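Here's the structure, in C-alpha cells; my notes come after.
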Amino acid sequence: MNHLILAPILIPALSAVIVLLTARADLRLHRSLSLLAMLLSCSASIALAYSAFSGAPQVYAMGGWPPPHGIVFVLDRLSATMLVLLGVLGLAALLYASQGWDARGKNFHALFHFQIMGLNGAFLTGDLFNLFVCFEILLIASYGLLLHGGGQERLRAGLHYVILNLVGSAFFVIGLALVYGGSGTLNMAELARKLTVASPAEGVVLTAAGLMLLFVFSIKAAAVPLQFWLPAAYANAAAPVACLFAIMTKVGLYGILRIHGLVYGLDSPHIVRYAPFLLLVGGAVTLLVGAFGALGSRGLRELLAWLVISSVGTALLAIGLLGTEATAAALYYMVHSTLAAGAMFLLAELIREQRGSTGDLLRPGPNVTQPTLLGGLFLLGALTVAGLPPTSGFIGKAAVLASATHRPEVVATVYAVVLLGGLIGLVTLSRAGSVLFWNLGPSPDIQPRAAGVGRVLPVLLLFGLTLGMSAGGGPLLELMTGVAAQATDTSSYIDVVLRDSGGHR
Amino acid sequence: MTLLLVILIPLLGAMLPPLMMRWGRGASAGSAILVTLAALGAWGSMVPAALRGEGATFKLPWIPALGLNLSLTLDGLALLFSGLILGIGLLVVLYAKDYLYKSDPMGRFFAYLLLFMGAMLGVVLSANLLLTVVFWELTSITSFLLIGFWGHRADARRGARMALTITGLGGLCFLGGALLLGHLAGTFEIAELTSLRDSTLSHGWYVPALVLILLGAFTKSAQFPFQFWLPQAMAAPTPVSSYLHSATMVKAGVFLIARLHPALGGSEVWFYLVGGVGLATLLVGAFLANLAYDLKGLLAYSTVSHLGLIVALLGIGTQYAVVAAIFHILNHALFKASLFMSAGIVDHQAGTRDLRSLGGLWRLLPFTAPLALIAAAAMAGLPPLNGFLSKELFLEQTLELPFAAGPWWLVPALATLGALLSMGYAVRFGVNTFLGPQPKTFPKPPIEPPWGMRIPVALLVAGCVAIGLLPDLLGAPIVELAAAASSYLEVEGVHFALWHGFTPALLMSGIAIVGGVGLWYLQRWFVPVFDQSIPLPSGERLFRATIAGLVDLSRSAKRAFHPGKLQTAIAWMILSVVLLVGSALLVKLPRWTPSPADIDPSLLGGVALLLLAIGAALYFHRRRAVSLAILGAVGLLLSMGFVYLSAPDLALTQLSVEVSTIVLMLLALHLLPAQSVKERVGLHHLRDGVLALGAAVVVGTLTWLLLIDPPTSATSAYYLAQSKPGGGGTNVVNVILVDFRGFDTFGEVIVLGIAALGVYAMLFGMGLPTRWTRPETPDESAYPLMLGVVARVLLPLALVVGIYLFLRGHNEPGGGFVAGLVFSAAIILQYLASGIGWTQHKMNIPFHPLIALGIFVAGLTGVIAIAFGQPFLRSWFEYYHVPILGEIELASAMAFDLGVTLTVVGGLLMVLVNLSKLPRSTSVRPLTLAEEED
Amino acid sequence: MIPIALTIGFSAVMVSMFMALFRLIRGPRLVDRILALDTLSINAIALLMLVGIYLRSDMFFEAALLIAMLGFVGTVSLSKHAVGRSVIE
Amino acid sequence: MIELLSEVLVSALILVGAFFTLVGSLGLTRLRDFFARLHGPTKATTLGVGSLLLASLVFIALEGDGLRLHKVLIAIFLFLTAPVSAHLLAKAAICLKVGTGPAGEVPETFDATQSLEIPRDPVSTPPAT
Amino acid sequence: MKEQRPTLVVLEDAPDHPWRLRLFPQPITSIAVGLTWLLLVNSVHPAHLTLAALLGVIVPHFSSPFMPIAPQVRSWWALLSFAPIFLFDLVIANISVAILILRIGYVPRSRWITIPLDARDPFAITTLAAVISLTPGTVSSRLTEDRRFLLVHVLDCNSKELEVEKIKARYEAPIRRIFES
C-alpha cells in the first residue's frame, strides 16, 4: 500500500497545524512554511499522477479496514489529474497571496491549507460519506477564505455563499441517507456493484439518491439555476482566493464524473434514462446564461465570475455528450478553464489596483501603470477564455464540438449553443478590453505603483501553462482520453477496489 | 521547413520593432522592413520550384486527435496570395514609416502589422482546414488591434469591436463548418478533401457545412449583408486600410472560397449561394460607394463591390470564371492598394478626406494626382489597364452560366449595372478630389509627402499599367497556376489580350463607361437626396442597437432572476431538487404493498410533543429569543427520541450540542435586532408554500420507500462483529467514530477547528469595536453571587464527569466529543458567572494552538501507525494486567479521542470568547444584511 | 405492581411535559418560557429514570446527568439574556 | 415477602415521584402569577425527580446489581442548580417588572443601588461595609 | 480583537504553599472530586481508588484558580445536625406547595419579604438562599449589592415578620455555624 497517497492531505494538514501552533510567530515564517508545504504537496501530486498514469488505480484502506467496510482512498487517473491541477493552481495562488494579501486578515495560511486538504481529499476518496466530509472541510475553509480581507460586500457575499452551500450540504446528507438506505453501503465501488443487482424498490431509492447527488454536485458546479452563490462570491473574494476558487466549480464537475459517470454510469438504466439529456440541456443553458450574464456585468471580476459559469456549462455539455472522446474533451476543457480563470482573477486584481478609484469597473478610467504588460496579458487571457486560437480554449472548444459530431441528433443544437456562447464571450471581452485599455479618462495625480515581479509571476505561470496546454495539445488530449477511458470503466473499478484493496484483518 | 520560416519570421520578428524603438523610429521601421525582406527572401527561394508546379509542402502533427496538423503547401493559389501579402506588405511598411505621426507608438504598430502578416501568410499557406481556422482567427484579432490602433478615438474603438465581432462570428461559423466537413470527410487535409469531392457533395451534412464555411468567408470579405463593418474599419490608419482592407485580409474570404472551390464547388447550392451573394454585394457596394463623401469610405465600398465581383465569379465556377476571379484578385490588390495610399496622402497632407471640402488637388499634388487618376481608371476598368481586362472577363462569364438564373439577360444586365456604378464612383473619386474647382482653404496646406509615401504608390500603379499592357507575359502564368489550384476542372492555356474584337462584353463595358460618366454628372442631384430624405437601411446602426439591447436585456434579466436575494436562490434550489427527484419517483415508482407498522402510544405522545414544539418554534420565528428557547425544548425532546430508539450516544451528543448551541446563538443574537423584519404578505408566500409542499411530498415518499424495505447492510453486521475483536471497544458507535470511520471523524474535527478559525477571522475582518477591556462593575445584577458560587462548586465535578465520559467512551456511551462539550460547558458556566475578563485571566489558554494541538494529536495517532508500517489510522490496543489494579486497556483510539476533545474545547471557547467580546448593539452594520432579505 | 406504577408514572410525566410545553408556548413572558424549559428538562430526567426502570438498565444515566448539568447552563444564559444584558460580560 | 415489600416500596416511590412532578408542572400551568409559578418547578419537580431517582436506585439494587449510588449525583446536581435557576429567573422577572400579583410591589431598598468600588473577583471580595 | 496571552493556568491566589497545599490546593475539592469519581463508576475497586486519588490531585489544579477562597466547613457537627432539618422541611415544603397548587379557586397571598442578613461568607449566603428556595413556599429572589438584604418571595404568607423570624432562626443561624463563627 502506497503511503504517498496520503501526502496530498497530510502535508497541508500538518502545515496548517504548525501555522496554528505558532500562531503568534512572524508572518514571514508562515509564508515560507506554507509555500514549502505547497511545493511539497504539489510535487507529491505530480509523483502520484506519474504512477497513476503508468498503471491501474491504487487503493489505500484507511485504518486497514477492508472495503467496502472501511474508508478507502482510490487514486486513479481522474483523481490524479485533479490533484495536479489543484497543486499548480494552489501554488500560483499562494505565491500571489504571499505578496501581501495574506497579511490582510487572520489565519490565511491555515485556512488555505485546510482548503487544499479538503479539495485533495475530495479528489482522492472512494467513499461517499468521506466525500461529504471533504466537501465540508473545503466549504468551511473556503468560507473563511472568502471573508479574508474583510469589508461589507465580502461579508454579504460570504453569507449568501455559505448559506446556499449549507443548503446543498443538507441535501447531500439526504442523498447519502438514500444511498445507504438503498444499497447498505457508502463505498463507491460497492455501490456500483450493488446497483447492478438492486431490487426494484432499492432501484427507485438509488435512482432518487443519484439524482439528489446530481443536484448537489450541480450546486457545487454552479449550474444554472443553481449558480446564485457564485458571482457575488467570486467578484468580491480576495484575488488569490478567487484564483483558488477557480477549481471549486470543478469539484462539482468531478463529482458528477465520479459518481454519475463512473459509479452509476450515465447511460446505464440505474439512473433515469434522461440524465444525459438533463446534463446536455443544463449545460447548454448554463453556458448561455453565463455568457449572457458576463455581457451585462459592470465590473471585470463579476464578468469573469459569469464566464466561469459559462465554462462550467461547456464542460457539463461535453459530459452530457457521453463517450470517451467527449469526456476527454470535457476534462481538457475543465483543466484549461480552471487555469485560465485563476490567471484572469489574479490579473483582474492587478488591473484593479492600477486603475485607482475606478477599480475594475468597466467605464473610462485612468490608464494602468503597466499598459503593455497588463494589456498584453489581458489580450492573451481574453483569447484563452473566449476560446480563440492559438490558445487552449480554442482547442478545448474544438474538441468538444468535434466530439459532438458523433451525436447527429444533437449536433446542431450543440454547435449553435457553443458558437453563440463563444460569440457573446468574444463581444463581452472585446468591450471590456477596449474600455479598460483604450477608453482612458484623466489619469490620477499619483500614479499607482507598478506590480512587482512576485505578483506578475503567478499570472505568467498560469498563462504559460495554458499555452503549454495548447502547444502540447496532442499528447495532452491523448492523456485525457486515457483518463476518460478509465473513468468510464465501471467494472474494472469495482474489481480493483474490492479485490486488491490492501485491507487486512 | 522554409515554408514554416516564411510564417515564423514575421510572427517572431514582430518583437523587433518595439525593442528597436529605443534606438529611434528609424531603427524600428528599419527592423520591420528587414523582417519583411527576410520573409520575402525565404519565400522567393521557393518560388521557382512553385512556378514549375512542384510547390514545397510541410507537415507536422499537432493535435492528431482532432486531425489538426501543421501542414503547409505552396501551390499556385498560395503562391499568388503570399506574393501579394509580402510584396504589398513591404510597400505598406515603407509607406507607414512616413505616414505615422510623431505621437504614434511606431514600434507597436509595426509589431501588430508583422503579426498580421504572419497570420495572413499562415491562412494562405496552410494545407489543413483547421490550421486555416487557427490563422484565420489570428488575422481577425490582429486586425482588431490595428483598427483600434488609435484607441483613444471612439470611432476607432467601435470600428475595431465591430470588425472583430462580425469576423469573429464568421470565424466561429467557419470553425463549425470545418469540423462538420472534417467529420463527414474524415480528414482536414485540403488535398484529401479535394479528392473526396464527390462523396462530400452527396453527404447529408454538405449543405450545413458549406453554409457555415461560406458565412465565415462572407463576413471576412464583407459580403452582403455583412458589408457594413468594412467602412467602419476605415478608422484605422491608412496603411492598415490599404493593406488589410483592400489587398489582403478582406481577400481571405475570397481566398477561402477559391481554396475550397475544388472540394465543395460545382453544386447548385454553391452556384446560387456564392454567385447570388457575390452579385448582390457587387451592386450594393458599388451603389453605396456612389453616395459616400468620405474618401476612404468610398474606397471601402468599392472594395466591397469588387470583392463581390470576385465572389460572383467563383460562384459561377467555370474554368474561365475562376481564371477571371484570380486575375481580378491580383488586379484589385494592385490598384486598390495604390488608391488607398493616395487617399492616405490626401488625408495626411490636406488634413481632410471629405469629398465636399476637396478638389483641384491636381496642382498641389502634381506627383500623386496622376498616379491616383490612373489607379482610379484601372478601378473603373478603362483600357488599357489591368482592371479593364478582368472586368471584361467577368462580363463575358455572366453570359454563360452553368445553372439557370432567371431570364438569360438578367445576370448580364445586373453585371453591367455594377460596372456602370463602379465607373460612376471611380469618376467621383478622381474628379471630385483632383480636378474641378479648388476650395478656398484646406485644414492643412497640401504639399507632396516624403518619397517614402510616394514610391509605393508609384510602384503599384506601374504594376497596374504593366499588367494592362503585357497581360500574357506578367499575368497569365501565375494566374493559370493559381486558377488550376482553385478549380476542380482542368485549367490550362490561359492567356489574356486587350482586344478580343467586338464581343457582347465590349458592348456591355461600353454602356457601363458611358453610363458611369452620366451617373457622375447626375450625382450632385441625387446624392443629397439620399443623404437627407431616404434613410438607407444601415446594418451598422442595427448592429450597434443589437449589442446595446443585449447588454440592457442582460442587466434587466439579472435584476429579475438573479437579484442577490437568498429567498430567490433557495426557492430555485428547492424547485429544482423537487423536480429532479420527483421526476425520478414518477418515472420509476414501483407498486408496493404498504405494511401497517404497529404504533406505540408513548411514541405518539412523544411525536405530538415534538411536532407541537417545532410548530411553535416556527410560529415564533420572528421573536428570536423565544424561538430559541423553544428550539431548546425541541432539542431536548429530540434527545428523548434517541432515548426511545435506545441510542444513548446520540442522546448524549444531542444534549451537549444543544446547550453550546443555545449559548452561542444567544451571543449572536446580541448583534441582531430582537425581532426580524416583518414580511409583507405577498406572492412569494404562495410560492414558498407550494415549494414546501412539494419538498414534503418528495421527502415523505423517499422516507416511506426506505421504511417499507429497510436496508440490509453487510457493513453494519461487520461493524457489530468486529467492534470488540478488531476495534477493541464494546461501544460500536464509538468504535465506528474513532476506528472504522476514524478518518471521517478526523475530517469533521478539522471542520470544527476551521469553523472556529473562520469565525475568528470573520469577526476580525468585520473590524467591530472590541467593547470589552476590563471586567465592568461586577455588581450583583451582572454577576449574581449565588450563580458565581454554584458555578465554581460545579466546575470540578463537571470536569470529573467529563473525564468519566471520556475514559469510558470506547466501551460505553460517551466519548471524546461529548467529553469535550462537557468540559466546555463547565468553562462556559464560569464565563457566565464571572465574566470574560476574570475567567480569561484565570484560564489563559491560547485557543489557536489548542485547536491545532487537537488536530495534531488526532492525526499523529494515524501517522504513528505508518511508522509501524501499518496503514494510516490503523488502531492499536492492548490489555495489560497490573497486579493490584487489574486489567487495563490501552488503545490508540484514546489518543485520537483526546485530539477530538482538545479541538472541541478550543474551537468552542474560541468562538464563544470572540463572540462575547462584541458590543451588544442592533446597529452593527454587517448584521443588517441578514435583515435585508425580506 | 411495578408495571402499573410505571404506566401511571409514564403518563403522569408525559402529561406534565405537555403542561410545561403549554407554558413554554403560552408565555406570556420570556421568563415564563425559560422556566417552562427548565421544568421540561427536569421532567425529561424523570422520564429517563422511568425508562431506566422500565428497561432495567442504567443506559441513560449519563443522559440524565448531562441534562441536570447542562440544562442549568441553558437556563442561566437565557435568563441573563432575558434581562437584556449580554449573556457573558 | 421481601420482594413484595420492595415492589411496594418501588411502586410507591414511583407514584410519589410522578405525583410531585405532575404537581410541579401543574403549578407551572395553573398559577396565574409568575412568581407563584416559580415555586412549582423549584420544589415539587426536584422532589419528584428525587424520589424517582430513589425508586430506580432501589429497583436496580433489588435487581441484584448491588447498590449503585451513582444516581445520587443527579440529585446533587439538581439541588445545586435548581435554586440558582429560580433565583436568576426571579431576578430577571424583577428587572422586567413582571406583575407580582397582590401586594407584590418590590421594596424600595432594592431599587436604590448602592455604589461600591469595583472588586476584581465578583464573589470572593468582601463587600464594602 | 486582542489576542489572548499565551500564559498557562495561573495560580496567583495560591502562592508558594507547603508541598501539601501545592499537591492539594483545596483538600475539600480533592475529596469531592474523588467521591464524585467513585460515585460515577460506583465501585471501590483498587483501580478506581487510585484513579480517584489521581483525579483528586489533578482536577483541583485546573479548578482551584477559579475558587480563590475555598469553602471552609468550620463545624461538621453543625452540618450533620442541619441536614435532617433541611430534608424534613424539603418534604413538608413540597407537600404544602402541592396542596396550594391543588386547591381549586384558592388565591395564595403572595408577599415579598426582606431578610436582613448577618451571614457574610459568600458560601453561607449562597447556601442560605438555596435552602430558602428549596423549602416552604419561598424563593430567594434577589440580593442587594452590599449583600446585606435578601429579597424573598413567599407564595402564601400570613405575616412577614413571622416568616423572617423563622428563616433567620431555623436556617441562617445553623448555616452561619457551619461556615462562619
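Labels for the chains are A, B, C, D and E, by order of writing; each one numbers its residues from 1.
Following the convention adopted for this analysis, a contact is a pair of C-beta atoms (placed from the backbone, for glycine too) under 8 Å apart; a residue touches a chain by one contact, two chains touch by 3 or more.
If you're wondering where the values come from, they're calculated on a predicted model, not measured in any experiment.
Among the remaining chains, those touching subunit A as well as subunit C are B. Shared contact partners of subunit C and subunit D are B. With centres taken as mean CA coordinates, the chain nearest to the overall protein centre is A. When chain centres are set by their Cα atoms, the one at the greatest distance from subunit E is B. Among the remaining chains, the Cα-based centre furthest from that of subunit D is the centre of B. Between B-C and B-E, more C-beta contact pairs are found at B-C. Centres computed as Cα averages put subunit A at a distance of 17 Å from subunit B.
Centre-to-centre separation of subunit A and subunit E, using mean CA positions: 60 Å. Inter-chain centre distance (subunit D to subunit E, centres taken as mean C-alpha positions): 13 Å. Here the spacing of subunit C and subunit E, counted between their Cα centres, is 22 Å. For subunit C, the set of residues that touch two or more other chains comprises 17, 34, 36, 65, 69, 71-72, 76, 80, 82-83. Shared contact sites, meaning residues of subunit E that touch two or more other chains, fall at 3, 6, 36, 40-41, 67, 122, 129-130, 140, 142, 144-145, 147. Each of the following residues of subunit B touches two or more other chains: 760, 764, 775, 779, 781-782, 784-790, 792-794, 797, 801, 833-835, 846, 849. Interface residues of subunit B, counted against subunit E in their complex, comprise 760, 763-764, 770, 779-780, 784-786, 788-790, 792-793, 795-797, 799-801, 803-804, 830, 834, 839-847, 849, 882, 884-886, 888, 913-914, 917. Contact residues of subunit D toward subunit E in the complex are 19-20, 23, 26-27, 30-31, 33, 35-36, 38-40, 42-44, 46-47, 67-70, 72-73, 79-80, 82-84, 86-87, 90-91, 93-94, 100-107, 109-110, 113-114, 116, 121, 123-124, 126-129. By the touch criterion given at the top, residues 7-8, 10-12, 14-15, 17-19, 21-22, 24-26, 28-29, 34, 37-38, 40-41, 45-46, 48-49, 52-53, 55-56, 59-60, 63, 68, 70-71, 73-74, 77-78, 81-82, 84-85, 88-89, 91-93, 95-96, 98 of subunit D touch subunit C in their complex. Listing the residues of subunit C that touch subunit D in their complex gives 1-2, 4-6, 8-9, 12-13, 15-17, 19-20, 22-23, 29, 31-32, 34-36, 38-39, 42-43, 45-46, 49-50, 52-53, 56, 58, 61, 64-65, 68-69, 71-72, 75-76, 79-80, 82-84. By the touch rule above, subunit D contacts subunit B in their complex via residues 73, 76-77, 80-81, 83-84, 87-88, 91, 95, 113, 116, 118-123.
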